[in-house]
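Report on the structure given below.
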Amino acid sequence: MNLRPLGDRVVLKHLEAEEKTQSGIILTGAAKEKPQEAEVIAVGPGGIVDGEKVEMQVKVGDKVIYSKYAGTDVTLDKEEYIIVKQSDILAIVE
Amino acid sequence: MNLRPLGDRVVLKHLEAEEKTQSGIILTGAAKEKPQEAEVIAVGPGGIVDGEKVEMQVKVGDKVIYSKYAGTDVTLDKEEYIIVKQSDILAIVE
Amino acid sequence: MNLRPLGDRVVLKHLEAEEKTQSGIILTGAAKEKPQEAEVIAVGPGGIVDGEKVEMQVKVGDKVIYSKYAGTDVTLDKEEYIIVKQSDILAIVE
Amino acid sequence: MNLRPLGDRVVLKHLEAEEKTQSGIILTGAAKEKPQEAEVIAVGPGGIVDGEKVEMQVKVGDKVIYSKYAGTDVTLDKEEYIIVKQSDILAIVE
Amino acid sequence: MNLRPLGDRVVLKHLEAEEKTQSGIILTGAAKEKPQEAEVIAVGPGGIVDGEKVEMQVKVGDKVIYSKYAGTDVTLDKEEYIIVKQSDILAIVE
Amino acid sequence: MNLRPLGDRVVLKHLEAEEKTQSGIILTGAAKEKPQEAEVIAVGPGGIVDGEKVEMQVKVGDKVIYSKYAGTDVTLDKEEYIIVKQSDILAIVE
Amino acid sequence: MNLRPLGDRVVLKHLEAEEKTQSGIILTGAAKEKPQEAEVIAVGPGGIVDGEKVEMQVKVGDKVIYSKYAGTDVTLDKEEYIIVKQSDILAIVE
């Protein structure tokens, strides 16, 4: 069972807590915007979104810093995912 | 008696509670945005909506995760439906 | 005495309470958006509204589900009407 | 002494209370939007308003239903007028 | 010492209280929008303002009704002026 | 050490209190918008800002009235500056 | 491990407190907008952002004054970074 995001949406999966400790990443967020690190699981097709052409710049497997403010949490087959718009992704961690 | 949605609107029907348990999907939502799984019952024609060209990307029978925030509940012939804009649909579950 | 709506506005008339019971339609609305069933009485010419070209998709006699949030109630010759923008009409009931 | 409205603005004058009773029109408004019947006294030239081309659709003498929310009351030579944008006019009463 | 307004801004000067009484104009404003009569002292060049082409429609010496909401009061050489955008001017009094 | 503003931003420097007294300028501002007189110290290149072409209309040395609402105070080498967008400058004092 | 910002985003790093003292820069901010000096660490590719073409005007190594309001703090490998949109950068310090 898979999630196929629409438009400029991206399905993310939180990295494991252990993995977070290993990479030494600590994230602090503003009151309304909780940034988080996650892995890209699925990427929407982009195209015309809200009347603007959007080209997708992330790909499956990228590790990203995103702003959780407008995201939606979904649990599918006991795995937790987050669906965000690409514009909520701030940077790719390389 | 049928609902024919206008513009980029989509008529959804909640999946049965039993079916939800079978698929093992648990949905958690932010305070203002309660995501839910539903089946697509009817799809508007798209076209120019608020001055922007919208192409419909879902079809009747799709199971979708949507954001209920701007949706409207309607009960017709004792069946409950939700009318949302396509942009409130986050992903298709496959 | 008639109401001729401007732009993309539509004049609606609530269906009788008895008629509602016959069709078995029960409507439940969110806090800010009270959906309702009504019949289309008059339709504006469409055209350029707020800088966007609007094509009218409803016609006189259609039964529609609308979102009452931005509508205006008017009583003319002892009949009550509602004036809404077409974008406040969610679906046509067939 | 006359008021010449700019852009898409329209000068309205409330109909007399007696006249209102004759026509049998009773208006009820939402909390933030008090609709009212009035006669068109002067019409702006239209043209480019906020970057959008506006064509004026009302003419002097029209009786209109308008939404008073953004209007401004002016008293000139002991007569009271209301200055609204054309988009605040909902319908023409014929 | 002069004020040369930028863009679509207009410098206004309140008419004297005596003059107001002579013309018999009484202005009543909504809570957030205090309309006032004033004379045009200086007019900006118009042109592209916020990405939209603005053509100036008032000229020095015009008496205007304006909405004071977004205006700024300035006192220069002991004279008081108001700087408004042209879109805050509702009508010219002739 | 200099400040080179980006886009349509302008660096301003408050005129000395003495100079204000000499010119006899007294500024009164609305609650949210504190107008002030200042001298232009540096001007951004203009160009495309927020998708709109902006042409700079002030030059170094101009004395301007600006609206401080969105400005940012900066102290560099013990001198205080204000960085505003050109659209926050209301008029040039000549 | 590097941060590669998307779109018009820029990765900044606060200058050391000592360095701030040396340069004699004191920054005071409005309630909602805390300006700060920082060094540019990484620059997004620009391109089409929210439907508008954005050309990047800062480069790695620039010292900038930015408005922290919409920024996101990230700590990576024990170094603290800030990710902002280029439009939140007010000026380059030279």
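The first chain written gets the first letter, and so on, giving A, B, C, D, E, F and G; residue counts start at 1 in each chain.
Quick note on the criterion: a residue touches a chain if its C-beta (ideal position, glycine included) is under 8 Å from a C-beta of that chain, and two chains touch if they have at least 3 such contacts.
Protein names from UniProt, one per chain: A, B, C, D, E, F, G = Co-chaperonin GroES.
For clarity, every value in this text was computed on a predicted model and none was experimentally measured.
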{"item": "Where chain B and chain E overlap in contact partners, by chain label", "value": "none"}
{"item": "Computed distance of Cα centres, chain E from chain C, in Å", "value": "40"}
{"item": "Averaged-CA centre spacing for the pair chain G and chain C, given as whole angstrom", "value": "50"}
{"item": "Centre distance in Å when chain D and chain E are each reduced to the mean of their C-alpha atoms", "value": "22"}
{"item": "Touching two or more other chains - residue numbers and ranges from chain C", "value": "50-51"}
{"item": "Pairwise touch network: line, ring, star, complete, or other", "value": "ring"}
{"item": "Chain F-facing residues of chain G, complex", "value": "23-30, 33, 35, 50-55, 57-58, 65, 67, 86-87, 89-94"}
{"item": "Contact footprint of chain D on chain C as seen in their complex", "value": "1-7, 9, 11, 42, 47-48, 50-51, 71-78, 83"}
